[in-house]
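All remarks here apply to the structure that follows.
First chain written, first letter: the chains are A, B, C, D, E and F, and each begins at residue 1.
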Amino acid sequence: MLINTRSKEFAIESILLAVSALAVVILILISIFLFREGAALFKDIPFLDFLTGKNWHPTSVPPVFGLLPLLLGTLLVTAGAIVIAVPLGIASAVFISEIAPPNVAEILKPIVEILAGVPSVVYGFFGLVVLIPRLQQLLDLPTGQTALAGSIMLGIMALPTIISISEDAISSVPDFLKEGSLALGATRWQTIYRVTVPAALSGISAAVMLGMGRAIGETMTVMMVTGNAAVIPGFPGGIFAPVKTMTATIALEMGEVPQGSEHYHALFAIGAVLFVITLLINLIAEAVKRKYRFKVGS
Amino acid sequence: MFSPKVSEKIAFAFLTVAILIVVGFVLTILSYIVTNGIGAISIDFLIQGPKNRMTEGGIFPAIVGTVFLIIGSMAVALPFGILAAIYLNEYAEEGRIVWIIQMAISNLAGTPSVVFGLFGLAMFVKYMGFGASILAASLTLALVVLPVIIRASEEAMATVPSGLREASLALGVTRWQTVRKIVLPIALPGMVTGAILSVGRVAGETAPILLTGAAYFLPRLPDSVSDQFMALPYHLFVLATSGTNIATTRPIQYGTALVLLMIVLGVNFVAVMIRRHYKNKMRW
Amino acid sequence: MVTDIFVEDIETEITTNDLNLWYGEKQALKNISIDIPKNSITAFIGPSGCGKSTFLRCFNRMNDLIKTCRIEGEVLVEGENVYESGVDVVELRKRIGMVFQKPNPFPMSIYENIAYGPRIHGEKNKGKLTTLVEETLRAAALWDEVSDRLNSPALDLSGGQQQRLCIARTLAVKPEIILLDEPCSALDPISTSKIEDLLMDLKKDYTIIIVTHNMQQAARVSDHTAYFLMGKLIEFGETRQIFEMPRQKSTEDYITGRFG
Amino acid sequence: MARVKYQRELDSLKQKVVTMGEASQKAILDAVESLRDLNVELAEKTIQNDPLIDSYEANIERYATRLLALQQPLASDLRLITSSIKIALDLERMSDLAVDIAKIVDKIEGGHVKPLINIPMMGEIAENMVKNAIKAFVTSDVELAKTTAAEDDRVDKLFYSTWRELIGMMVEDHTIINNASHLLFVLRYLERIGDHATNICESVVYIVTAERVELN
Amino acid sequence: MVTDIFVEDIETEITTNDLNLWYGEKQALKNISIDIPKNSITAFIGPSGCGKSTFLRCFNRMNDLIKTCRIEGEVLVEGENVYESGVDVVELRKRIGMVFQKPNPFPMSIYENIAYGPRIHGEKNKGKLTTLVEETLRAAALWDEVSDRLNSPALDLSGGQQQRLCIARTLAVKPEIILLDEPCSALDPISTSKIEDLLMDLKKDYTIIIVTHNMQQAARVSDHTAYFLMGKLIEFGETRQIFEMPRQKSTEDYITGRFG
Amino acid sequence: MARVKYQRELDSLKQKVVTMGEASQKAILDAVESLRDLNVELAEKTIQNDPLIDSYEANIERYATRLLALQQPLASDLRLITSSIKIALDLERMSDLAVDIAKIVDKIEGGHVKPLINIPMMGEIAENMVKNAIKAFVTSDVELAKTTAAEDDRVDKLFYSTWRELIGMMVEDHTIINNASHLLFVLRYLERIGDHATNICESVVYIVTAERVELN
């Protein structure tokens, strides 16, 4: 009985540890498969050429696999999304947690959660049928399928991430800090921007990083609204022109490539780059969270 | 510049505008999908397969495919996710190993779904030889939602006050008994909520299944787990971007979008209701 | 209510007349009339939930933050009704400082914590700020302990030091009145006695009101004591009298620990 | 109702004072009686009983100190406790004085010159004062304390008149000088007992009203 | 260390010999040797951080939960070294009950809270459980207050009642020893005095060890008192002696509030 | 170092006791001197000074009670405070006795039959005892307290011998009966002063060792 209980406890703990370690295993497997399939490309094409190549012509003869247009396309769309989502998101988070009366906040929160729930194809579909024609008309463009359309849609999609994580961070700033400021004769706004928001800054930064991660990794929506033209976007004109992102390239072209072909491996190489980028963003977000974690009330 | 009071008024006005824009987005998207989609929906639309090169008929196989994906992926992700969460929250000590596991989980959470798709393609479809199939797609989606489930379960367990665990242990109760009798019952509503939310995620994901087994057109139900399948989100994508007659099938597209949206939001709504119900009941 | 300080020569700082307060349906304060004297320490005592904090927070209108809270009656600070429309709440809170139960320094440096208030109220001159920081830290009997690390985080201080920092922070906006809501309940006896000494020191320049659960503390530091029970002011008088010879049976029962 | 144990302890402190009061009263009564009747045995008994009364005093002090240490008394409770220490001291002094009286029984040579009248009367008044003082203590009766203290005047008057009488007798008949001088002391002792009873009455007033008044 | 209870006729329940404990690099307990007597109340006092809780948690090995914690020396409970390999920690914790600072009833009914321990340890008989629940609630002086609502949630009870429930829950697994870590610090004076009465009642059947910051409480309830300072046991002896006439200057300084 | 104010308050309590002790000492000295020299003026002064000493006692009691109420003293602090109340009582009684002695100056008819020798000697010893008792109190000196209390034997011896002497003189010369009977009381008063000094010494031992001992 004695030994029994103890060995049972030990067995349970070991199993649980093994299951948890699965997360690490999966991550390693992902890296292995991506890098292995991707690396096959570099038997023929130097890695640097791939990275700095200005052209993506996978079907021309001979094919040209230059990542740069796709990478810049992704960055442009993402940057646009961040420019839209960050101010709107943080402002909304502040509004919900600090200004709205409790019952209004209780209505606003599920509304924001709806944004998070809408599947990306639906966003893409909406962008395709509603946003794009209007953009084209409004800005008098040859096509509405532009980086701008992608940025707008991704911006909207990144909003719930940014809002809910920021809102969490802001409302977890203890009331007694806010009261301390108000009791000194500070206005609510002074309290918000001098005490509450700085105290929540780590959480807000993490929210921005994660929102950015979501935008970079998003596939279906950008695929449906950005026009998918693999050209290096100019600036600022490129904003109003079609672009092709890394994710869209993978999703679009994978269906048509023969397995084991150079093109196939090139798509995996894109996947690997994407994976590394999001990995870095996540690590930075974690570090930010850790570094600025403030200790209130010991 | 401005007096504190005036600055406050201006700032609050800006914040109000921001939230109105956000709410505007939501309402616009919903209203477009609902008003345009509601007309397309009928019983036939829901229980019939697509006809006439997908320009007519219903979406039944896609609904069934999505349901299969949900069942398949949850059957894998749920037990693994909950067990991992139990370990991380109840057993793990601060340390290198746990830190590595935690980092792995948050990186998995941040990995783009299309990358999961690539992995599923390379690992399940090719390497393990499942082919493009429900099995491969379900496993891939299971990986996508695994971190979501782990995080939600961990969070739910973290709300159980540590005093209760200590109290139980101090009564001469083993750790596993304490987890089962005290922690899990209290954390259950939170864990259920997390699971339901990930169901929504599975229903809406497109990129991973695109690479691992979703069929462009398959007007019958899949025979086995190694069959290809249709799924709502991919079906919508196909209709909207590469269908035979994109312009005339708009109503079908709207209808499909609405059904998909209703499934996802409906599931989320249930989760929110459960959460709300238990939040009111729990208090320490 | 029994009171004995309607004495001519004591100047009144805060007066309430027939103050009633509700949280939603629940009445938390009932018909409270009191005259709180200037430049002295007044203690509020009473069992938990009797309304001490609620009453205290009427003076600087911190109750405004609670949506369900409704008030009738007058609160006069130096003769002015603070609940009149047109009263500037921000200005009022500058005049009436408040220190809370749990020390709540901002997550900034010691210096920044104290400079916070004056900056908010428009002080930009660096030199003046620095002088003010030193002055208030000295007044709060903290200068000697922190003068060499003004730029280190306030949260690194001990609980007792944090509480004195909060008092210094309050002093920095030059209030006339200081409200303290159980300022020592989270502190050890030694920090407590430092804060008590500090309050007795400050009372020559400020009107101080302190809520406390510690009978001995009320008796040690205060000049006048008000005893509350279930939202009512039961007795108010000189501290010595309250603790030696309360007029109300209920007061005696409470201070001798027979109930509460 | 709270702090039940504390309540009980306060009551028990009061009870201890009452018990001691009764013992002191008895000591006074017995001492005076033994002197009147020159009852050596009763005198001896009174003397022997004194250590017990002393132990009462020590016990009350210890108990009161314990209460002070443990219960953080305030207001009238605090006054009750500190005053109990003082009252016990008064009672202890009273029985010491009773012992002093009893000790004189042995020193009276022959019999009394004339039957003692004033001394037993003083004894009775003093004993009565003690009884009422303790009663006032138990019932927190300020009025009773005041009227009891007023009795001390009668004791003082008897002291002076008897004193003069005794001095007169000594001058007339110097064979009684030894006995009479002893009786002079007895007078003084009884007068002191009255003073101590008055002290107790003052303590009672202090416990109830928080004010120290002079009652004589 | 000065101790005076090496007296023949006191039976010892717990003995430690040269106990040392580290959290990582930091030594939290230093060479502690003590004999804690059976069927009596022993109080641990000392300034915050002196190691009282740490020491208490050595007896039922609750420190095992902390990975950085390392122990040298012996802890004998009824002569058996609890840190020997092969000791069943679960069994040990059944024998040594523990009550915490904050009342922590499980979010179940009153009945279920008490039945929890016995059930886990194999008691399935409904009748026996019901009897046990009543018995322990009576022993914890709570029966009269809750007998008519055994099935209502334990969290509906007041703080003081919750703490007594936690004591009852501990009694239900029939321990020999009860450890209490500042059990009254979250309670009001009245609840506190109820718990104190209860402890004095229980000591005829149990060996009780209580950590407290309240000197008066230690003096009121305990038979023996141990004074700790910076991980060392400074003085141990009869409570009366410790509070009347401590042998160590440091003890006297602490109990008279000169430091700590 | 903590609770500085409390420390200061304890010191201040001690200081109050010292001040009162000095005043009582002086009262004893003056009373005995006024009696020896039949110095009516000095006697009057001593009597007039008594209310001041009484107020000292009241003050010490009030202060000590305040400390008990506010500072929750324990161990030796607590004993110091409760004992201060008792010591003040002893000192107050001493100066009352000094007043009693001073009051006799007026009652002596004519001059002393013979110069007073023993009485001033007893006075000196008693006064010295008070001085040393207070010194022992301030310095927590148990040894000094014990040797001081031992002095009481000398006072007692002088009391008995002088008593016998006086009785003898009264028998021989009954014109001095009035004066001598007054002196008998003085003897008694001085003996009581010695007793009170002994009490103080006992209190000192109690404060330091927590034990009540009988020192006579």
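Following the convention adopted for this analysis, a contact is a pair of C-beta atoms (placed from the backbone, for glycine too) under 8 Å apart; a residue touches a chain by one contact, two chains touch by 3 or more.
Since we're looking at a predicted model, the values are computed, not measured.
Counting only chains that touch, the fewest steps needed to get from subunit B to subunit C is 1. Shared contact partners of subunit C and subunit D are E, F. Here A-C and C-F were compared by C-beta pairs in contact; the pair with more is A-C.
Chain geometry summary: the mean Cα position of subunit A and that of subunit B are 16 Å apart. Remark: subunit A and subunit E have CA centroids separated by 52 Å (rounded to whole angstrom).
In whole angstrom, the spacing between the mean C-alpha positions of subunit C and subunit E is 38.
Spacing of subunit D relative to subunit E, judged by their CA centroids, is 49 angstrom.
Shared interface positions of subunit A, i.e. residues touching 2 or more other chains, are given as 5, 186-187, 190. Each of the following residues of subunit C touches two or more other chains: 90, 120, 189-190, 216, 219, 243, 257, 259-260. Contact with two or more other chains is made by residues 2-3, 6, 69, 71-74, 79 of subunit D. By the touch criterion given at the top, residues 189-190, 193, 196-197, 216, 219-220, 243 of subunit C touch subunit F in their complex. Residues of subunit E touching subunit F in their complex: 215-216, 219, 243-246, 252, 255-260. Residue ranges of subunit C in contact with subunit E, taken from their complex: 47-48, 188-190, 257, 259-260. Those residues of subunit F lying in contact with subunit D across their complex are 58, 61, 64-65, 68-69, 72-74, 78-79, 82, 85-86, 89, 167, 170-171, 174, 177-178, 181, 184-185, 188, 212.
Of all residues in subunit B, those touching subunit C in their complex are 4-5.
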